[in-house]
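For clarity, chains are labelled A, B, C, D, E and F in written order, and residue numbers in each chain start from 1.
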Amino acid sequence: MQFDLPLQELYEFRSAAVAPDDFDAFWSETLAEAAAHPLDARFEPMSTRLSTIDVYDVSFGGYAGQRIAAWLMVPRNGVRPLPAVVEYLGYTGGRGHPSESLMWSAAGYAHLLVDCRGQVGADTPDLGCIGAPQSSGLVTRGIEDPRDYYYRRVFTDSVRAVDAVRRFDGVDPDRVIVAGGSQGGGIALAVAGLRSDVIGMISDAPFLCDIMRCSTITDDAPYSELREYLRVQRGKLERAERTISYHDGVHFASRATAPGFFSVGLMDTVCPPSSVFAAHNAYGGSKRMQVWPYNGHENGMGYLRELHLEFAASLAKPEAVVGG
Amino acid sequence: MQFDLPLQELYEFRSAAVAPDDFDAFWSETLAEAAAHPLDARFEPMSTRLSTIDVYDVSFGGYAGQRIAAWLMVPRNGVRPLPAVVEYLGYTGGRGHPSESLMWSAAGYAHLLVDCRGQVGADTPDLGCIGAPQSSGLVTRGIEDPRDYYYRRVFTDSVRAVDAVRRFDGVDPDRVIVAGGSQGGGIALAVAGLRSDVIGMISDAPFLCDIMRCSTITDDAPYSELREYLRVQRGKLERAERTISYHDGVHFASRATAPGFFSVGLMDTVCPPSSVFAAHNAYGGSKRMQVWPYNGHENGMGYLRELHLEFAASLAKPEAVVGG
Amino acid sequence: MQFDLPLQELYEFRSAAVAPDDFDAFWSETLAEAAAHPLDARFEPMSTRLSTIDVYDVSFGGYAGQRIAAWLMVPRNGVRPLPAVVEYLGYTGGRGHPSESLMWSAAGYAHLLVDCRGQVGADTPDLGCIGAPQSSGLVTRGIEDPRDYYYRRVFTDSVRAVDAVRRFDGVDPDRVIVAGGSQGGGIALAVAGLRSDVIGMISDAPFLCDIMRCSTITDDAPYSELREYLRVQRGKLERAERTISYHDGVHFASRATAPGFFSVGLMDTVCPPSSVFAAHNAYGGSKRMQVWPYNGHENGMGYLRELHLEFAASLAKPEAVVGG
Amino acid sequence: MQFDLPLQELYEFRSAAVAPDDFDAFWSETLAEAAAHPLDARFEPMSTRLSTIDVYDVSFGGYAGQRIAAWLMVPRNGVRPLPAVVEYLGYTGGRGHPSESLMWSAAGYAHLLVDCRGQVGADTPDLGCIGAPQSSGLVTRGIEDPRDYYYRRVFTDSVRAVDAVRRFDGVDPDRVIVAGGSQGGGIALAVAGLRSDVIGMISDAPFLCDIMRCSTITDDAPYSELREYLRVQRGKLERAERTISYHDGVHFASRATAPGFFSVGLMDTVCPPSSVFAAHNAYGGSKRMQVWPYNGHENGMGYLRELHLEFAASLAKPEAVVGG
Amino acid sequence: MQFDLPLQELYEFRSAAVAPDDFDAFWSETLAEAAAHPLDARFEPMSTRLSTIDVYDVSFGGYAGQRIAAWLMVPRNGVRPLPAVVEYLGYTGGRGHPSESLMWSAAGYAHLLVDCRGQVGADTPDLGCIGAPQSSGLVTRGIEDPRDYYYRRVFTDSVRAVDAVRRFDGVDPDRVIVAGGSQGGGIALAVAGLRSDVIGMISDAPFLCDIMRCSTITDDAPYSELREYLRVQRGKLERAERTISYHDGVHFASRATAPGFFSVGLMDTVCPPSSVFAAHNAYGGSKRMQVWPYNGHENGMGYLRELHLEFAASLAKPEAVVGG
Amino acid sequence: MQFDLPLQELYEFRSAAVAPDDFDAFWSETLAEAAAHPLDARFEPMSTRLSTIDVYDVSFGGYAGQRIAAWLMVPRNGVRPLPAVVEYLGYTGGRGHPSESLMWSAAGYAHLLVDCRGQVGADTPDLGCIGAPQSSGLVTRGIEDPRDYYYRRVFTDSVRAVDAVRRFDGVDPDRVIVAGGSQGGGIALAVAGLRSDVIGMISDAPFLCDIMRCSTITDDAPYSELREYLRVQRGKLERAERTISYHDGVHFASRATAPGFFSVGLMDTVCPPSSVFAAHNAYGGSKRMQVWPYNGHENGMGYLRELHLEFAASLAKPEAVVGG
């Protein structure tokens, strides 16, 4: 069922969320703090049964220099230097097994798949967790203070991932694209808003956009985690709103400049269409929106792949493999 | 629906869980580490609108000396020294508002209601959290290592709460009862297994008993959190089993010596009857089981109150208020 | 999810329900009929294990003089005369065990907790039941005629409870407050609309307001009982509407004069926010609305207690216990 | 899903329910009390748009002489005297519109469709209701005492319906069959157990068999009403069991002597297969069981019609219409 | 819950669906193709246990001359010639057992109950099925091309059924009414739009009206089958829309001229009220709408029977049986 | 929840299903009929954005020579001849976009991904469909006769796919492995039972094993489609059983000789563990079972990939790419 605004109104929709005055200062300081720790990106070759792709077990210093895991997949015979795609994960996911995610490297990109700290499938702990009372999940971890908030650490890790992939010998540092879906789409938006030097951004059904409103218009997880927290902690709404205001994708979107690709399912109750359009409509770079009228959060699935490859190719111009 | 074993089999049921050889050593060391930090129990009188009960905002040093919040309610005109009930909370709960829990103090007990660190309704952070990957909720927090496990900290806090209530002027240190339902019932069991100097234990529909088996026989939260973790982290079953083996209520039960009161709903899908009987049947002290054939996890509700008061009175013999 | 009107519209919302011309006559006659039977309030001291509170098993003559059960809790050492709170119960509830409800007496009030006839947890039968065809539950019992309707009897009992508490030696008849949540909130509204001599009214998430509209905007029980009846008895809509028109909380609200305290959860699908505001906005006395943006029918829980105590204290000015 | 015992065990299954010593005395007295009131069966011809069937609006004195509604449908040109089928209704139903139930009369039977007092779709009130506390629905109405129990009145009405149909001019009093499905099947069983002068009994998926056990093995309504009552009224299990023991279909079955037709769906969670077999296996007359392995409570639907007509014809031998 | 437009707006609602230019040509050709095959209506007398009604096992040539099954029920002693009702079935249904549907024949009509090809309960295969990829069910069978679409065959069969009933000796060919509910209501609309020679049309809660819009405003089956198809086949929306445009009940409605009876439940989530009104408001003949404010897709049930009989009698004027 | 047999019993479990005497003759004839049609395997090179993998759009003659679509992915620089993996799809799926499934080709295999006729996501119609009445979905399509049954066509297509991949220039015909999960796992089993010349079989959580029993022990789709059919078509159980007996994976398993890899989730309600073990325990070749105690039908996901690659490499010994 299409439960949100009609499509024509979605294209006009503007979030009522307002960024705090010190939004940019908050993030400048945050990233500066992280930069004070060594990046120390390490790429350890993995022995796999794949023969067209080389895989590296990656780690680098993220928020507070804490080690973040990732996989790097590169086409074995690809022409160097390679453009790169830095991909962020959906909620609860982990970097998994490299063989699960072979498209970008098969298409001639160095592909960095970045773990998300502390999530159930991850290999990376959320060392910065302070154990404050929270509802189930990670959306309200540290929500009482913007400086303690879980996504402050995640976004910082994710920005640092862009630096990490550039340290890999064979990657062209001037052709890095950030990408992701759902939570990963929200992270990609944040990175695009914080880093003017990426050349493209792909955000499918992004989570973490127009967050406070989403907590009142859908009952689905993970926005429901925020609702659940506020259901119990009735006196902490203002503090939560303040913390969220430093992390809303709508504010990152308006600061982004790289070309952006968005997609949305009009029946998505996890990341409601109006919140995806809120980010899209605010987005500062050139942009494209792919609408799926009959899809929910599963979004475009295989249909997105060709669109992603086209969008990325138009920006990064990967070359074929040697001898291909 | 009664979905678990028939009642006659429940009375015979024995958990297959086995305690590790160093179970007692693990807990001796854990409690010794905590004891190395000052208890520093503080009782700050609260201004409330209650006129028969005095309320104190309590804090004390729990695990690693981290401050744990509690409420102490005492009958304003009760005859000193007072027997005490230390009560632990159900999952996700917090100590709440003192006026929500007035029975024990109205019946002549000093009543310490102990917060549970990090839970969504709590006033106490889980400072010991290391942010390791986990499923939603708290049941798998730190599950990769028994020393990092969430309930190691909670049980330690809860043992220390017994010491704390004894520091209150007017409490008789030789008449302390521990009590709770659901998670609180699991905690009361643990404390009774770790502290031979409490004079009674009340455990209604206890959580955290025969844990691994429960993770395979019910889909309800919070045992489902363990299932969800193992669903994703397919390679970590042995590590999880090892951690759980140091925290299973069945093992605490067999070490307890104080008289115990148990209750169970035969339709309880949250804390399955066989797991409650597993603890009861293993319990080392004298014991009583109250069975509700048509109840689920809501258990006995108001019907339990008279039973609790009788059980406690038979052990602690509270006196009436002055002039009462 | 916030499914009802936006908050700003809720403050403006007016029910379309219209009271019948003889609404006041209907209730005058109803109460006069009841008054023709002896009240015969009896207060039998109970032996309990509580030492700060005295408990009385109460009965009095309600509708048609039928005996209604209640508990009276009074602070043992409270300064007489005591202000009183007459509390009504939520749907399906019964007066339960006195130790479940100790706040008002602990705060210095005589607290009458009134049973609700015929409900599954009650000690009081609904002797006036005529057995007419009805859907499950009590909402449609006797709905074919206003004189046979279940809530006519309940409201009459509830008005008589105010008289009953005044007969207790030690209660100040000029300081009686009526209170309740959900069904109890609807009853409190009705009593406040029928009795100008109460000094305050507390109504949390009241049921039975703007009833016909509620039967079309929510699927949750107990409004669904009315929908279910009309789903089957397709020809009796007009009769049902007529009966309801004599019992809608909106009409009682407009007749009330005592100061009123309301609360509402904006995600309440049981008693939709617009129906709570319908009563609040029509309320004839001074009034206050406490809004919980992220709560459903669980409403404010512990957070309400302090607000209730403050509101009541501002009106009833209870004194501390002797020697307190 | 087939959730109950395997089919071979079902054929061996015996209910553990035990009839009270005075079961037969209880019912003799009950029926004698009813017989002391005039039956006064009235048959008012209805004007309908049906041209092959004549319809009569029937009423007769049931329990305590209270008027019970029914429809009588007779083939306009059928050869007199006609055999008769007295049919009882499923839970919540009412006699409805005569045109909904035309099979028996079209097949040459006088067909009495008996209303069920107080049910939401009925035209007959349950005048004997005493308003005692009960859970939603009718299953626990008056459950504290066998003499007040709802089904005592219903079964008495239903026995009297057999007498009523015999008063209709043109009915052969020696060829009366009782029939029904679900609640109606339970009633037919009861009537067959109480009246040795019916010549056949049809009971599809009967409700009200092995009642106490059913309240623990299914969560579906209406057995859930009993569970819900006992969930709340924890202290009234023995009283409920006693009342039920006078009304369990298993006890009526063992007293029946007329040939019986049963049917059961092996996936029926409303009236579990073992309870249907409990009645069938105890049944005192010759009997036949039709098993539907893949059906739930919808049972055989249209497939039953031919079976019912055959079974009835083998006993009642209806003749064709005049000129047919 | 009433989830669709308010009643006053429903009466004004107009579908945005537009018929293709060649809609009428498409259907003329379709019916002409069918007419090129012999109708060959066969009426085989059945031996049943019914004595007031004669039953015939019917078959006739439908789409592409494929044999379609039906039952014909006629009053044994009815006065010839008889008016006729041709009834179409709800989704998944089959013609079932003749004794399930006796009202029309009992009221003096020849009643043809037409099977729906390929549905799970049917006796008639869908020989024209081409096996194209489709979602579960039949709504998207052959949806890629209007000529392959399932309902093209069904509507053609259903038009031919009108011809078939006229071939029965004793039926008055000038008094044929078409009728049905849900899918059957959609079919009746289609036949009324394609055949100007029927004298009445009854359509209860019709399916297949304003189809594309329905696929976005409800999640219930069977409109969900279309949503599911488009969820997967993201690239085939235009083709599906084109196919649907030849089969939407709104377009048939505007072409109908016979008096029409409609009914709607305002809580119907299967066939949303606005889609029923879309057909009603577009209907070309005189029309009547029966609104059930508290009903879902179950609609009027028994209450409809008297209304149907009245409506049909006003048009077809059936006579009583001989000797009646 | 683990709802099926305990693990130790699963290893001993034997299906009660019995193959018909002419099972082998049925399949010999079926395959011979198919072989009478030309295979005509066509491999059309696709232009994609992938640079390490070459993709071919494949079609070949399956059942009755009907064209079946597939993708072939081959490593661009892989050393010829290549071993091959023929993969079958899960229920409702289609071959999708080639970039979704890159593991096997990246690991040095020619990878044929075979479409499944008529499924919602497929590019291949089920031309052999005869339109017989069926429940939703494909499991009961043509179930009245084994020769008309849907899976007869699918299994035949799937056998032919093995022939097709061997026609590709560069594939080693002596190193073909068949693989799939869920429906694809059932198909792989069938092919392994029908073709002794494949060198390995991978079957994850196979559907279509011990089918009749599964239709009674789970309510989940797609086994529920069979239950739904038999729920309605009460008289066709024997015919359905007969048809199923020619298509049960247990019978194919006992005829297989190639080494087999199985996996099972002990909480799988879609393909219950006992049915997976029924196939495994009957399997004729050497075999390995991977058990996931806490997984449902999602089974091992990424964890399976390494296991699959190891199992396949031990049999097929793929070589690295040129220059790798």
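Quick notes on this structure:
As a working rule, a residue touches a chain if its C-beta (ideal position, glycine included) is under 8 Å from a C-beta of that chain, and two chains touch if they have at least 3 such contacts.
Nothing here was measured: the structure is a model prediction, and the numbers come from that model.
Common neighbours of subunit D and subunit F (chains touching each): B, E. Number of steps on the shortest path from subunit A to subunit E, with steps defined by chain touch: 1.
By number of C-beta pairs in contact, A-F leads when B-F and A-F are compared. Chain centres here are means of the Cα atoms, and by that rule the chain farthest away from subunit A is D. One simple way to say how far apart two chains are is to compare their mean CA positions; for subunit B and subunit C this gives 36 Å. Subunit E and subunit F have Cα centroids separated by 40 Å.
As a whole-number value, the distance joining the C-alpha centres of subunit A and subunit C reads 51 Å.
Of all residues in subunit A, those touching 2 or more other chains are 303, listed in ascending order. Every pair of chains meeting the touch criterion is listed here: A-B, A-C, A-E, A-F, B-C, B-D, B-F, C-D, C-E, D-E, D-F, E-F. Subunit B contributes residues 215-219, 227, 230-231, 234-235, 237 to its touches with subunit F in the complex.
Taken together, the subunit C residues at the contact with subunit B in this complex read 49-53, 75-78, 96-97, 99-100, 102-103, 105-108, 301-303, 305-306, 309-310, 313, 318-324. In the complex of the two chains, the subunit D residues touching subunit C come out as 92, 94, 117-137, 140, 228-229, 232-233.
The residues of subunit A lying in touch with subunit E in their complex are 1-2, 266-267, 292-296, 298, 300, 303.
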